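What follows is one structure encoded as structure tokens, with my remarks underneath.
We just call them A, B, C, D and E in the order they show up, numbering each chain from 1.
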Amino acid sequence: MFHTALTSADLIFLAKGAGMTILVTAISVFIGTLLGIVFGVLRGQLGPIWFAPVTFVLDIFRSVPLLIQLVLANAFVGMVLRLHISGLTVACMVLSLYTAAYCTEIVRGGIHAVPATTRRAARSLGMSWLQDMRYIVLPLATRIALPSWIGLALGVMKDSALVYVVQVTELLKSTQILITRLQEPLFLLLICGAFYFIISFPLARFGGYLEKRWSND
Amino acid sequence: MFGYTFQWNQALARLPKMLDGAAVTMEVAVLSMLIGIALAVLLTLLRLSGSRPLKAIATTWVEIARNTPALFQIYMAHFGVASFGIHFSPFTSLLIGITFNNAGYLAENFRGALKAIPDTQTRAGRSLGMSQLQAFRYIILPQMLRIAFLPMTNQMVWAVLMTSLGVTVGMNTDLYGVTQDLNALTFRTFELFAIAAVIFYIITKIITLGARLIASRLFRY
Amino acid sequence: MIEIQNVHKSFGQLEVLKGIDLTVQKGEVVTVIGGSGSGKSTLLTCINGLEPIDKGRILVDGTEVHAKSTNLNKLRQKIGIVFQQWNAFPHLTVLENVTLAPRKVLGMGKAEAEAIAEKQLKHVGLGEKLSTYPTRLSGGQQQRMAIARALAMSPDYMLFDEVTSALDPQLVGEVLETLKMLAEEGMTMICVTHEMAFARDVSDRVAYFHKGIMAEIGVPEQLFNDPQHPETRKFLASVR
Amino acid sequence: ADKLDDIIASGTLRCAVVLDFPPMGMRDANNEPIGFDVDYCNDLAKALGVKAEIVETPFPERIPALMSGRVDVGVASTSDTLERAKTVGFSVPYFAFEMAVTANEKSGIKSFDDMKGHTVGATAGTFEAIALEKQVQEWGTGEFRPYQTQADVFLALSQGQIDATVSTSTVAMANVKTGNFPGISVVGKAPFDTDYVALFTNRDEYGLINYLNLFVNQQVRTGRYAELYEKWVGGDLPSLTVPNAYR
Amino acid sequence: MIEIQNVHKSFGQLEVLKGIDLTVQKGEVVTVIGGSGSGKSTLLTCINGLEPIDKGRILVDGTEVHAKSTNLNKLRQKIGIVFQQWNAFPHLTVLENVTLAPRKVLGMGKAEAEAIAEKQLKHVGLGEKLSTYPTRLSGGQQQRMAIARALAMSPDYMLFDEVTSALDPQLVGEVLETLKMLAEEGMTMICVTHEMAFARDVSDRVAYFHKGIMAEIGVPEQLFNDPQHPETRKFLASVR
């Protein structure tokens, strides 16, 4: 195949970058999803009007390039608030809210898709709001929302390539560093692309499979 | 309360330059959408075609576009393909990268939209004497575009946001590139990028509202 | 005893119930008929407190449904309700559909809940379908499951809202049979229905609703054979 | 307490260093940071009696990194322009660059003026990028491309995406020497002003700026500056003072 | 003249048509009845070449439908077909639905196509709905529009596949009236239908399909009053 100057140390370096990508993604998706669930449920309870301020704020996260969000958050936290927070933290904060913005819509859609009559039936049996949420809405909404959620999580993983601007050395940045030293751009880029693909592709397919299976019954 | 003195005048004085940048951003986004839609229709047709190699090419395109970061795709369009001696300007590289991404995502949307159109529609067209292509052109395509209109609007928004990644391939005329250049000159990071953020926000709002307007005029059924 | 006293109810501008009075005794079967949009469904959802009311009051065994102090979840345990649209919980098996509320609401143990559920499911003729998912059931079977699900809470009252109107004609019979059986066993029931034969056979009294008013109420023979209100006459003529 | 106190109290000095800017900042075979700026930061930390922490920052992110409190001091080959001094506080210059033109041999460019009409590039946000972009605008022909990192510039140059670049001569020499970029060579000087670069920190940290000034002075006085220059660059030691001027 | 000669057709393992012979003369109205899955729809889609056949041949005015050399698009212009499922083109107005094929297939000018379309739409009673979108039409109106759309191509033959079976009962009449009118005007028609009264009134001949076989064919009086085949008898008993 290729003749390459890539050493095992370099591979470990790349692996560290990949680890950082996964770490940032995992933290952000976890927090973002929790927030998304809270916001999504609240929206359902409060209605669109009362929830409008939150909707507006969340909408900003979907309307401004992530790169700018990161640069701005970084500048704001450090320059304006003068808080000493690591780049990793800023990256996770921004990505979490970014995730939450999309996740709120997914959760709302999932809850909305549970027929009102089914929920009425649950309440008529004497179940409380919480029981209805827990035993009826949660399992049903999950089926509807899970495929989109998988798509979102993978999207966040891909978008996490931008956190290099807050000095977090994730996979793509690690690749660029190695390109600097080894000057084998195509080969290194292919390794990097393959990594994203190998994680993303099967999961995306799995999401598609779930969607198909659950939409059938 | 802040330990930082905002100097908005400094940044606002550069607003005209940033608006020029916004125009370039729109240019890239619109072009990438137009070409992207055409390519996506083509990819959709290829995926429907009986030919295995054509199907494989289309599927590979769609899956790579959807499963790797856009930043990676743009970087690849500039530095990756240059390893073969093919050189694109930053503008072209960015356009290629975003278009590649758009086409992949849109093709997937179109496929979903197609599934929602019953076969009987094609049958009805064919029984009126239309050829396969006529039935697609006059009956399926308009319905497909309608169903996929919302996803297309979202993709347009993403295309605008993706232009910010052009800086990695040396782009400095788009909104993000201009902002970054100005930042290098003045170091007023917060003010400049905040203004850029507002401009991006306004652009995306115009797109979504415009799309709604177009949809209400276009799709009256 | 269910006492409905001068109940008014609007959705926004639209006045759907314009002062309804009706008392249903223990063991009585009251059937409600009337045109679409006359407020029949709304009345049922008011009785078990799913909808608030604007004026008047509803008492169930003396408890005021819409009083602030009323524990609705508790009250609803004694009022079973089955709706027109099948609303099986699609992610649970038939048995789980029926045991869910007894276990989570009444805090019953699994074994006990399952014993009750099996009994009720056999009662409605679904003894063979315990571990089937509702999506695999016909509409009629789904409705009977919904009845069993309500019965598993041992309610004192049952409300039925056009439980057969979304069914294919050949499935209507099996569900009506189940209702008839319940009536014969002495369950107190309010049935909204479009099945006139059923109303005539099973009810103690039949009420005719017209545009938010209870235009007429009486024993079946009288109401069907000698309707007093001109609207009742029109309605009966149209459905025959 | 001011920042100087904070640094001493925390026991760590965090320096923003650009690591794709050989020989000032780069990575060795183990991908560990090395270079002139890295050593300079270590010296500063030693003087303060604390541990040094190298924070890699691309050129465009140097100031945000400082402002966001992610680093204490920039040791990042930062040109001390008046425009920037409105935002950050600079020390006296600690290094001075001559600007050199590096060209792809295929382009036929032999001097700075030959670049007219060609596609040229430089690292976004640097002194030379700002000057070169202005020059291209004056020429009125050709194209200027800013890349995010110095590495991308040389990558683009060797791939033939751009025909020439202006960079600091030290960087140009170091990159050509690595042999990583076949087909490029340094063809001459660029007639830009000498690029004096300074350490920087927050504008209002006078105590720390004072300390930095003295530290730079000490480095020259003790011969450490010459020593590091010999180690990483070699050749004639550039003067850090400006004739006929204070400071 | 449509000549169907020993036509066989399978979907995979399933043999759907097992040798059908039928000749329909110009001006004749043939109705096809039969149980679900007996192959009625399949036969119609074979006649206009939407489905290939396995054996036998179909001639329309002497042209073999499934011959390689046949220009199907051209052939289909003379065979109008209307399906059970409404297949209005939802993105076009009623007028555009009807003018599309004349303009794109026949290359007619806009004015000419619209004149024809308006005539046909008036003919089926939709003269007032020209600029409405089909989603705003009732099912019966949609079917009548589909008929006008087919007629606008000036076909020599019309095939109807259970055009009323997806309609609400009260809408069936208006569509059958339209068919009757066409029949009276002398259109050559093959109608698959479940409406026995219609078959009896309008057809010149009625064919009974059973499991891919044309079990019986005859004039309506004979087939309905004195069916020869035992399966025909069973079927007629079941639908009465």
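Heads up, the rule we're going with is that a contact is a pair of C-beta atoms (placed from the backbone, for glycine too) under 8 Å apart; a residue touches a chain by one contact, two chains touch by 3 or more.
Which protein is which chain? UniProt says A, B = Amino acid ABC transporter permease; C, E = Amino acid ABC transporter ATP-binding protein.
In this text the structure is predicted, and so the values were computed from the model without any measurement.
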Most heavily contacting pair of chains is A-B
Chain C and chain E, separation of their C-alpha mean positions in angstrom: 46
Measure off the straight-line distance from the CA centroid of chain A to the CA centroid of chain E, and report it in whole Å. 54
Distance between the centres, which are taken as Cα means, of chain D and chain A, whole angstrom: 36
Can you list every residue of chain A that touches 2 or more other chains, as numbers and ranges? 71, 75, 79, 82, 179, 185
Shared-interface residues of chain B (touching two or more other chains) are 4, 79, 82-83, 189-190
Touching two or more other chains, which residues of chain D qualify? 64, 67, 152, 155
I'd like to see which chains touch which, written out pair by pair. A-B, A-C, A-D, B-D, B-E
Which part of chain A faces chain B closely enough to touch in the complex? 60, 62-69, 71-72, 75-76, 79-82, 154, 158-159, 161-162, 172, 179, 185-186, 189-190, 192-193, 196-197, 200-201, 204
Which residues of chain B touch chain D in the complex? 4, 7, 10, 78-79, 82-83, 85, 87, 89-90, 167-172, 177, 180-181, 183-190
Any idea which chain A residues touch chain D in the complex? 7, 9-10, 13, 71, 74-75, 77-79, 82-87, 90, 164-167, 169, 176-183, 185
So in the complex, the part of chain D that touches chain A is made up of which residues? 19-20, 26-27, 29-31, 55-58, 61, 64-70, 149, 151-152, 155, 158, 180-181
Residue ranges of chain B in contact with chain A within the complex: 2-4, 63-64, 66-72, 75-76, 79-80, 82-83, 157, 161-165, 176, 179, 189-190, 193-194, 196-197, 200-201, 204-205
